[in-house]
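The same subunit A turns up in both complexes below, where it pairs with subunit B and then with subunit C.
On to the complex of A and B.
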């Protein structure tokens, strides 16, 4: 694990990506505790320019922009993470199952995934939200459901490769149960796509959830949220750009950082597999193995 | 060097060194040799010896991560290594060409054979079909226009390799480098391809470097042989001399490891493993494994010196005989009494979907005996092995284990049957889960059938490892930390830990070097004798069966064409197909053309 981290950092883009992600995550998670004002307090008139007291000015309602930015990030982060875990988790599970079971199970799972993917996904999400109301858990589940079929395809392909290997054959010849083969033989060998897929899907979740909030289907005002802020303050873009620009900047930095980091991760895991490791000594045969082999040979003469 | 000397030599390599970029560790060092026009040099070595790297270096090419750091490669009075990169492709076209190992990937699957052949001429647009057909006829591909219009996937492996060879010889270059071009082919096709190469080189005075791990192939093809070890040529000379009277202890050991098809000879492994770049000792690289080592060997790398005219060796004690154990690794001969068979097959038929693969297979595996199942790729031998191992269930007909019916498919067998029949796979790199330590893999196999306590588990694992001559510390290692031979021994340990009665060995040595193969064969013979294990040994290598088995079953197209005692089958084959197979096996002892 530390070796993979080291390799990510040795790639310039990986280090930049990690730094960007850490900065945005720190703002979102520490922000709520250091925000100077209540995000819902009316501190000044609408779209006030930055002053010493209000470094980013105020928004359309006269709230302090800095406080709203600091307190408006954690929900989107938690929702995206939850949606990604849900989507990648179910997708991976079904994908591996389909890839290992093959035959009818494979067909059933993958055609169901095709059906899900056939709907325009944002529209489908909007339909459910307009039926059930803008609930945050619903938003999370829907974004997860958008990911799952695509993730399932990736994992089915990865599993098909691993499932053809002889160590899986060997477990089958011992009569090991299918679920144990999936957990013990296949899952550990698809961790690279798992991590890469998680990183890419997380970046996608952030933009999806921010997008839905922007459309008014996510976090509802007056609760502060980066996606909502972009929408509610865009009418005052000419008066004071900060309430719009700062949330946009943070979301952009987070997704760019996440993509760079994932890219570096993929390259680090790819490159690591075949590198000769000069630090760990080669395993020597049993002390006297040479002599033993000659002795064995002698016996057989 | 005079101009006259240049004309007599097709290729002159001096002090070629290829190193890892950045770290500067040499992968190939100090390679020097010359080739006359029409001469074929066999470049022999085990995996990791640098033979492919050297072969590519001759074309002034190197794989990613390597650099050619020193030396000269002279062809036609020009040093290839001083030619700027953008001029190289044009120069290579007329001077030196390459035939890669896997023709399946060397040919572009999206282009017709005609297009790919024509690219080797100076003006691809103006080449007429007759020229190309003549070219194909030279490599014994019957001159039909249909072949020119075909795509690579429509050709067999042997035909693809012939096309690749035709492409290399098309412009009549001075030198052709061939990197194991027959490795994936069956013996009959291989024999034909080798014949073609020999003829092309002789007719057009083209020098060739033939890279191979197979001493027998080289013996039947090359006039001279260079043996590589740990990135250096350790011995070079006329094929006859090098193979009959080797001067370097490594060459001697390598030759002893090669099984001989014609007689029941001993095969011996080489203990230890070749050092990787960066771990090579300061003195002679072979010193740590050499039975003749003296302190001076460890002091400095010996130079490649001529011992006899044209026969050079990199050793300070050349040609000294290796005393000590005259070990013979012969398998035990057939048991006198014939007890009830462990496994009996009676008219076994296997399908893949609607296709019948095996047509009525019947034979016995005797108690404590080893049956060799021999056949070329596609003969159905692996399907048969998988059927017996419970990995293929579309079967009908009789399988009996110790007299009781053996159900098809491991899911239909009880735990006891699954334990008693164990399967060892061809490729040890794929048969052990890379994410688990060796010990964990062995433990999981054991825990499938028993529930031993912690100390008992540990004891059984180290016992199994000891049986295959691996140290107990190997249990904590991941597969990528072990060499191929060690991995295959670990895979055998995983089978042994459950105390099986029948071991199915599916091409267990075909992914390994000959010196390692000999170690595995010795180990299996030992197990057969000491533990009363019965074995089914599947192989395509006819030469190997004498060293391990008491009887042989020869398969072709899903049928048994010959069965009987080993010596009977190999010395007095009855079926015409067996005779053909035996005739095409490259002989170590065969006279050099």
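On to the complex of A and C.
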């Protein structure tokens, strides 16, 4: 673990990524305790310019922008993490199950995954939100469900490579139950894609959840939230850019940091010997594209 | 080869069929059916019953599905629940506007991305390559709507005041009547697709420029430009074309966010408004259109792969 961390840090991009992620996470998690004002108190007129007392000015409602920024990040982080755990967890489970069971089970799981992947991802989320209304748990579950099919493909491929190995056959010949083989023999041998998938998916969860909040389907005003703030305050961009600029900046730094970090993680697990080329074939998220699976598998082989 | 292509097309049709089932099932079976969505929670039982009959909600689900799919396939997806106007009549102009954005982004963005990638590959690790590669890395990781707002803040509201921040168009007027409103949405889409195309063509070119036949050409004294554009590019372009198709498929989702940033009158913005209004027929029709666009471009990408992969091509010849 420390060795992998060391390698990540030795890659410049990995160190930058880690720093960006830590900064934004610190703002989101420590922010609520140090916010100078209540995020819902009316402190001045709409879109007031920054002053000493209100360093980022005020938003559409005359709330203190800085306090809203400080208190508006933790929900996105928790929802993204929850969605990612859910999506990678179920995806990995179904993928390993499909890859190990083969035959009809495999076909059924993977064809179901294909249907889910036939929707543009944010459209799939919007379809269900349109029916059930904007609820935070629903957003989290939907984003998890969007990840699951793609994660399943990666893990199915990884499982297929392991399932024919002697140690698996050995366990089978001893009559070990299938679920035990999956948990004890196969899962420990497909953990390297697990970490990379988790990193990629986490960055994409943030993108999706912030995007859905921006569209108005996430945290509802007056509760502060980075995505919602962008939507609320964009009409005042001419008057004061800060209530929009700071949230988009934080979201961008977070997703860029996560991508750099995950990229460095993938390279570190490769062995770290390869020349670092920032623009080598993308292993990062390209939603809906089957070649991603191949790219990730290729990098981790 | 024919058989492989036909199989892929049939599989695509099957996928679309299943997609339509999912959309229908989701909108009909889940709580909050169309009649209640239309009338709200306080609807009287009589009003509810009338709406149920009008929307055929009293028929068996399979019949409802048949009526619905038949309507879409014959170009009569029904009327909006909100204003009673034909869904087709209000959605198609939006589709045109969205396609205008995508086509412009493709016409301008694809050549720029490819040229940048080719140039970066030909001077690998040079100044241009390093700067653009790092930029592409950042852009690829930035959400589309964030890119959109950066362009607004820089070019419309805060740094420069060159362009309108939102797309104000008179209802029914063409977006082409005010071309300046297209600039920022198109720029955003170009910035969104740029990193994928740039990185793909760059890495293909780098691989090919290291191959033996390019080395041979170089030793023969063929000029640099001729090596790049005549010898290397034709081989690098094939995998890139597939990525172009996939990137545009991806935009079926991305365009929703980008249009919402600029209040651009396209299918994405219309979908968001329909969701707020719970206008189920419009939602169903727009989601199926976007899914069809997505599935269609994925099929196209696969067909291109089949056509340009010698191994698949050879196998296809043998079996057909």
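Descriptive notes on the structure:
As a convention for this text, the second predicted complex is superposed on the first by the 270 of 301 C-alpha atoms of A that agree within 3 Å, B and C clash if a C-alpha of one lies under 4 Å from a C-alpha of the other, contacts with A are read in each partner's own complex, and residues count from 1 in each chain.
Throughout what follows, a contact is a pair of C-beta atoms (placed from the backbone, for glycine too) under 8 Å apart; a residue touches a chain by one contact, two chains touch by 3 or more.
Keep in mind the model is a prediction, meaning the values are calculated, not measured.
When both complexes are overlaid on chain A, the residue A:176 reaches subunit B alone and has no touch with subunit C.
With both complexes placed on chain A, subunit A has more residues touched by C than by the other of subunit B and subunit C.
Contacts of A:128 after superposition on the shared chain: subunit C is touched, whereas subunit B is not. Of the two partner chains placed by the overlay, only subunit B lies in contact with A:188; subunit C stays clear of it.
In the superposed pair of complexes, A:256 makes contact with subunit C only, with no contact to subunit B.
Overlap of the subunit B and subunit C interfaces on subunit A: residues 278, 280, 282, 284, 286-287, 289. Across the complex, subunit A is touched by residues 266, 268-269, 271-273, 276-279, 324-332, 389-391, 410-411, 413, 415, 418, 422-423, 425-427, 430-436, 441, 444-445, 448-449, 466, 469-471, 473-474, 477, 480-483, 486, 494, 519, 522-523, 525-526, 529 of subunit B. For subunit A in complex with subunit B, the residues that touch the partner chain are 165-167, 169-176, 184-185, 188-189, 191, 273, 276, 278, 280, 282-287, 289-290, 292-294, 296-301.
Those residues of subunit C lying in contact with subunit A across their complex are 15-16, 18-19, 22-23, 26-27, 30-32, 120, 129-130, 133-134, 136-138, 140-146, 149-150, 152-153, 156-158, 165, 195-196, 198-200, 202-203, 242-243, 246-247, 249-250, 252-254, 256-257, 260-261, 271-272, 274-276, 278, 280, 283, 287, 290-291, 294-295, 298. Against subunit C, in their complex, subunit A makes its touches with residues 13, 114-115, 118-123, 126-133, 203, 207, 210-211, 214-217, 230, 234, 237-238, 241, 244-245, 248, 251-252, 255-256, 258-260, 278-282, 284, 286-289, 291.
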